[in-house]
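Right, I'll just put the structure down here and ask away after.
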């Protein structure tokens, strides 16, 4: 029987990864960095899915991960395009400069 | 008969409507002819109706008006001798006034509007005279009010004139309130508005209710007939063109109040109390207005106060239980007063719009065509013996004198004093304006006036002179009018006074009038503007009544309206709502600080929210 | 009468659907206006012709409907799409369609921006108001009630005068507050009824049978009453009205005064009174009191206004006061009078608003200080102005008199003092109307304005003649109109005789 990584380890790793992503998304003002942070968080979630799939021996989790990867890929594509466009319109990619939503 | 009366009403109405709708497109002459035809046609119809059945009492229905449940009011007329004579008089005098107006308004460009109102005015008055349903009467009543408003303020570019019109409308409308209440009350008791029905069933009313009705109707009549305390609009009503004054004072409007009381005589007759108040109002108004007329300098204002005073006699006649006398006076008054006003119109135009009698003088020489008719009018107004005005006034005085209640003797004394004052103020005006004097007008200060205007005076002068024949107190055709009116409920043919009383009163009256006339001649044959000395101001302002209304009612009313608007509505109620809304707005802007537009803040909040939710989930998890 | 053909629905939705044509032709103004006019006139014809189908309905147990229509809508919640027309709604429908024709006519020259959407909103509003007057399912009614806010909001907010947004929001907030309370009350009633009978429905004919405790009645009725009182408006809830009128475009004022205020009344006696008879009876004295206060207060206040339009707006509140009295006295004469007065007010006040609009188009001011002496340059205009002013102050022979006298005499039979007071209130009316006439068309003409003051053109004259004719007709021969009201009013009275205050045999 092959050595199985315990589920709790997977969860801890995913949590660390998620936190790193969250901190990145929160702390940085650069839109690209925020996008990367979000991607990292998504990967963390994917990791949990995979771990869970292993733990319960169900393929559903892995299927989800494929979906998440597809969504994340398209998100990056669209997100980068938007960021590029915003950069061209406003000349900056500093998130706090975009304050049109101010109430 | 229905058709005739319908056409009678239709004539002036159609004249007014045609002029209102297409008058501006018509040539001037056509428009004038239409207006005159409207009234003359009505006169012809009135004469035909009179010939066919003036002595009958007919209730004729044209068509339904308002009908809801048991509430029903129709366009219908009650044609009885009283109405028959009334419409004859109204249409006749109005016809002359219309024709006169054609000449009088020859330079005014707004003739279409003028003739339209004039026709509607006559129409409304005919409605009052004829209508059976009191609601229909009310239509005429308000119509008269409106037309007087429009005509008094006819020269609207002058603010004072327009204000005078408004004053007339508001004051008469205040009077109308009680008419409305009386309407409602009539409906409450009789479930009908029919005058004829109400009169026939009047005896079912209790005395208290009759008193209430009497007082309500009196107040309404006070408004229209300019009796105390609602007199103040009539002197101001002089602002309108002079023929309008003639119409208001003689043929329409002012007599409407007295006429209404006569029409509903069976109801008010039931209550001694009401009759007493009516008689008292009439008597006191008569004296009051006579005093006020003494000091006026505007020829039309003298005539205006004289109208108030003369209408007082009509009301007194009704109050004394002899509406025939009142009606007789109404007739003779309408002739001599229209004569006087039309004459005054001639004088004013000839003197280049001068109203002040002290700036006239010498008119006997300069305007002989006006002088003689005007003299007849003055004699009639002053009750010169055996002229119509004398006989009618005498009948009213006699009826008052022989009334059993003692207080009527006091009324008689008041009214008699007023009759003597009438002589004074009438001839004060007459002598001042007409007699020769060195500082009077000269021939080149007189403008020519159309012949038509002076010719029109003559038929009226003849009538004013001879209308005593209608109701002579003695002789083969004695009490003609009274006999004709005998079929009207409540009419007394003969007053039934002992011959001695009757003759004594008549002769005494005549003698005193002659004496006072002579005295007046000696006092006023020279102009004496300051004759009344310190009393002048009081008399001139008619005992400050107008001033009192203005300062005690009108101004405070207006001022309070402003307070109500600015302070109560805007600063009170509205501000309350606005501040509530404002409070929410402040609250929301506080919340708005949170949404500072920074993406990072939003992300942080998102995560914090997520964390909070997870925490709650974890804490509440049943391990 | 139940028709297989959905005639009533067509009447309701035709303006809305056809209104899209206006949107489509927005950039060709003349075409767009013409289309709107054709739609409005067609709708008017359609509405008028409704009476020919079943002019004398047989009184059924649920009312004297001339036409009804009912379809399942959301069965799971018991909501039906049901419409019904009786004499009262018929008259109001005709008024609605008529006023909408006027709205299109008078906006011909004054509205030049976004013509398409303007007319679309007008027609949209017409649809919602017509639907409201026809709905017999409470939820459907509520829907129309709230929907009418949307077009009105935009009409005021986009095409209004200087402070239009403020006015639009104020109007919307006031009405929404009432509307939401009413929704709560409707749902409450729905639940109570469902709990009692097991049948969950919004149908008015069913809900009316609900047995309610007096507390429940009180709260539900209070919510209804508040909603309607805001709309009518009853003093002291009136302050939105002058502001909205002052800043609304003329067509908006027309719709507001002519139609929207009427919806409050309509709902009051159609729904609120019959549904909660006991609570309603208890409220009648308060309503009478408020009505009287409104009559005097608004008439008094109107006197001191400096803006003609605001004066007319306050006069509107005064007129509403006497109508409230009429409804609250609740007998044959007063109720007929009040309903007739709804039509009358719709005609005469509308006419005044139109004329004020015409002044505004010429002078770009409605302040009295800039007016005066208009007769000198505009005699035809002034003649009409005087005519409508007289109609408004209740000159006999013109329309308002008929309604007012019915209300007053009917009131007098039951409460003499109130009858007298309301009659006296009309004198207050005379004072401000005369003041308005005085300061507008009389007085000295202002020289500087002569070049802008031109008299009525054909379109304007035609519009006013259109209004003058029904005013005269109702004033002189109200029979046909009153006959339409006879049965429905009788029905309202007998079915809910519980709240008829005193049996006066009328």
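Residue numbering begins at 1 within each chain, and the chains themselves are lettered A, B and C in the order written.
Simple rule for what comes next: contacts are C-beta pairs under 8 Å (C-beta built on N, C-alpha and C of every residue); 3 or more make two chains touch, one makes a residue touch a chain.
This structure is a prediction, so every number in the text was calculated from the model and none was measured.
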Inset, instruction - Between the chains shown, work out who touches whom and classify the graph as line, ring, star, complete or other. - result: line
Inset, instruction - Work out per-chain C-alpha centres and flag the one nearest the whole-protein C-alpha centre. - result: C
Legend entry - Separation of chain A from chain B, taking each centre as the mean of its C-alpha atoms, in whole Å: 94
Legend entry - Whole-Å gap between the CA centroids of chain B and chain C: 37
Legend entry - For chain A paired with chain C, centre-to-centre distance based on mean C-alpha positions, whole Å: 59
Legend entry - Residue ranges of chain B in contact with chain A within the complex: 591-600, 602-604, 607
Inset, instruction - Could you please specify the touching residues of chain C with respect to chain B in the complex? - result: 170, 173-174, 236, 238-240, 243, 297, 300-305, 332-333, 336-337, 373, 375-376, 379-380, 383, 386, 390, 395-397, 401-402, 405-406, 408-410, 412-413, 416, 419-420, 423-424, 426-427, 430-431, 434-435, 438, 441-445, 476-479, 482, 485-486, 505-506
Inset, instruction - Over in the complex, which chain A residues touch chain B? Could you list them? - result: 22, 25-26, 29, 34, 95-96, 98-103
Legend entry - chain B - residues contacting chain C, complex: 20, 24, 63-71, 110, 113, 135, 138-139, 141-143, 146, 149-150, 153, 156-159, 162-163, 166, 169-170, 173-174, 176-177, 180-181, 183-185, 187-188, 557-558, 560-562, 564-566, 569, 573-574, 577, 581
